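Chain nomenclature is as follows: A, B, C and D, assigned in order of appearance, with residue numbering initiated at 1 for each chain independently.
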Amino acid sequence: MPNISIIYFSGTGHTTKLAEAAQKGAASVAGVTTRLIVISGEDIVKGRYHNEAVFAELDSSDAIIFGSPTYMGGPAAQFKAFADATGGKWFAGAWRDKLAAGFTISQGASGDKLSTLHYLFTLAMQLGMVWIGLPELPMNDQGINRLSSYSGVMAQAGQESPDIAPNAADKRTAELLGQRVAQYAVKLKK
Amino acid sequence: MPNISIIYFSGTGHTTKLAEAAQKGAASVAGVTTRLIVISGEDIVKGRYHNEAVFAELDSSDAIIFGSPTYMGGPAAQFKAFADATGGKWFAGAWRDKLAAGFTISQGASGDKLSTLHYLFTLAMQLGMVWIGLPELPMNDQGINRLSSYSGVMAQAGQESPDIAPNAADKRTAELLGQRVAQYAVKLKK
Amino acid sequence: MPNISIIYFSGTGHTTKLAEAAQKGAASVAGVTTRLIVISGEDIVKGRYHNEAVFAELDSSDAIIFGSPTYMGGPAAQFKAFADATGGKWFAGAWRDKLAAGFTISQGASGDKLSTLHYLFTLAMQLGMVWIGLPELPMNDQGINRLSSYSGVMAQAGQESPDIAPNAADKRTAELLGQRVAQYAVKLKK
Amino acid sequence: MPNISIIYFSGTGHTTKLAEAAQKGAASVAGVTTRLIVISGEDIVKGRYHNEAVFAELDSSDAIIFGSPTYMGGPAAQFKAFADATGGKWFAGAWRDKLAAGFTISQGASGDKLSTLHYLFTLAMQLGMVWIGLPELPMNDQGINRLSSYSGVMAQAGQESPDIAPNAADKRTAELLGQRVAQYAVKLKK
C-alpha cells in the first residue's frame, strides 16, 4: 500500500494547516496510508538537521510532499536544514523515483513564493524524484488556486490566527494537490 | 501503446543531436512509439507559432520532451513562440497528466542553462504535466551528466560541427532521459 | 544628460500602459531624457528580431527598462526574439554597466510572473548590466506593489480594456520603478 | 569612505577562500574599507540566527556581498538562517539602496548553482538593494568566469583541500566581482 508523507516546517501554524489539508486530500484516495511529519527546530543544531526516525519514515514513503513558509524569498532555514540533510540520500540515490510535490505560504500575493516552489522542485530533482504539480485553473467559483500557481500550492497568511488563514480556498487547493499525489502513487505502485 | 514526442528547436544542429539521442533512448524501451518534431522558423509569423499538424501529434502523445538551446539565458525565441502557442492547451487542460522532460545546450559550462530548464518545467506545470528529471550522478566513468544537472539534460557545444559537439557523453545523457521518460509512460499507461 | 529607454512588447495594450507609466516616472526626474520603444512583430522574421534603429537607441541609453507580458510562464516570444538579438551586445560587452530593470503583467495574482522577472534579470546579467529592483513594501494605502514583488514590477490584467487594467495602483508602481532607475542614472552619470 | 562587507558561510573552508578573494578585490580599490564576516553555526539556535554585532556591521556597510556553498540545489541552511534574520531590515527598509552581489561554490560544473545565485538576488531585491553582477566573458586565457556565470560568481570544489580548490581562476573571478562592487560603491558615494 503506497505511503504519502507530508514533511513541513511551520513557524506560526499557518503552514501546518496547509500540511493537514494536503494529508486530508491524500487520505481521501483509497488504498494509501499517510504521514504528517513536522520539522522541529529542536532537531537543528548549529544549522544542521538530525533525526533518524524522520528519515526512516521518508525512506519508506512512495511520495513526499514538501512544505515551507516563504521567508525572505525562499524556504525557511529550518526546511533548508532538513533539505541539506538529504545529501546522503542524493549520493545513494535512495529517493530515486519517489513522487514529490510542494506547497508554500506567505503574506503577499506573489511574495516570491515561486522562488520557494522552484527550490522545492530543484531539491526533488537532485534526489531523482518525479514532480507532481497543480493543474487547477484559477477560473472557478471556489477560489481554488486563486493565486494562479502551477508548480505547487501557493497560499496566503499574515498576522491572522491559523484558524482564519490560510482560508478555505487555499486549504482546498492543498487538498487537491495531496489527492493528486496519492492518485499517482496508487497508479505507479500497481 | 504510449507515444513519446520530442519537440525541439535547433539553430545550428547541435540541439538536433540531443533530440535524436533522446528519441533513441525512448525507442529503446519496448512497447512505445516515438516522434521527433522540429520547430521550424517557417511556422513563426510575427513572433507567433502556427502548425496544427504539430499540435495534433502532441495532443496524441503520452509524453513530450522539450528541447531548446539556451540563448541569452533562456530558451530560444523560436521555442518560446511554440510555448506561447500552447495557451489553448492550458485553458482546455488538454495536456493534463502527460509526462514532460527537457534538455538544453549552450557553449559554457553553466551558461544559465538552469534558467532554460526551469522555464521548461514552469511551462509543463502550467500545462498540468508531470515532470521527469535526470537522476544520474556525475560521478561515473562515462561522463554521464558531467555538467551535474538534475532538472533535465544540460549539454555543451560552441562553434564545432554538430558531428563533434555535443559529445558522446552528453548524447548518452540525453538517451538516458529519453529512456526514463518512456519507462514512466509505459508504467502509467497500464 | 542620461537617457532612460523603456523597451517592451505588448500583445493587447496592457503592457503598453505599464511602459508609459515607467516612462512617466523616469521623466519626472530632472535632467534625464526618456524613450519608449515598442517591440514590433513586424521586425520578427522566422523568430529572429532585426531592427538596427532600435539597437542604436539602446546603445546610446544609460538605462534600459525591459517589459513583457508573462505568457505561459515566461516572457512573450516577441520579447525573447529581441533578447536573442542582443547576442552581439553580449559578445562585445557593449551594454556593460548600463542600468536595467523590468516589469511584467498577466491575468493571475502570481501566474509565474516571477519567472519572467528572473528571466529579465538573467538577461541583464549576461549583458553586464546593473539591476535596479522595486523596494516598495505592499503595506500602504495606495496599492503600490500590491502583488508584493521586489525583483521588478508585477501587474494584473485579463480581458478588460487597457483603459481599465492595469489599474491605477499597478501603474503607479511602474512609475516608481521608472523614477528609481532615472535617479540612479543621474547619480551614476555625475 | 564606503565600506564593503562580505558575509558568508563556509562548511569546509572552500567558500572562505572565495570570500577572501572577493575582499582582496574590493580592497584593491582606493578609498574603501572592507570587512569579512563569517556566519557561524554557533549563532544559529533551533534554526534561527542571532548576532547583533554582525547586523550592526552590515547596517553601516554601503555594499554587502553574499556568499554560500550550494547545498542540495540552494544556499546552505546556515546562510538561509542569516537571510531569514534580515526580516526586520526588510520591514524597516534599512538596507534599501545598498549594493549587493553574490558568489557560490559546489562540486559540479553546473550543480544548480544558478539556483543559489537567483536566491541571493531575490533576497537582495526584497531588501531594496541594487544588484551588481559579473560581466566577464569566459573566453579568456586566465580561466576567469570559466563556468560562464553572470548573475554572480560560480566556483568549483569537491573533496580537495581548500589550499587547492577553488582554483586560482575561480579566486581571480571572485576578486573581480569584489573589485567591481567596490568601484560602484565609490561612484555612488560621491
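FYI, contacts are C-beta pairs under 8 Å (C-beta built on N, C-alpha and C of every residue); 3 or more make two chains touch, one makes a residue touch a chain.
Small disclaimer: the values here were computed from a predicted structure and weren't measured.
Here A-C and B-C were compared by C-beta pairs in contact; the pair with more is B-C. The chain pair from C-D, B-D or A-D that repeats the A-B interface, sharing more than half of its contact pairs by residue number, is C-D. Between the CA-based centres of subunit A and subunit C the separation comes to 34 Å, rounded to the whole angstrom.
For the pair subunit B and subunit C, the distance between mean C-alpha positions equals 29 Å.
Residue positions of subunit D touching 2 or more other chains, listed in rising order: 73, 90, 112, 115, 118, 122, 125-126, 150-151.
Interface of subunit D with subunit A (complex): residues 41-42, 44, 46-49, 71-78, 80-81, 83-84, 86-87, 90, 112, 115, 118-119, 122-123, 125-126. For subunit B in complex with subunit A, the residues that touch the partner chain are 90-91, 93, 96-97, 118, 121-122, 124-135, 137, 150-151, 184, 187-188, 190.
Those residues of subunit A lying in contact with subunit C across their complex are 73, 106-115, 138, 146-151, 154.
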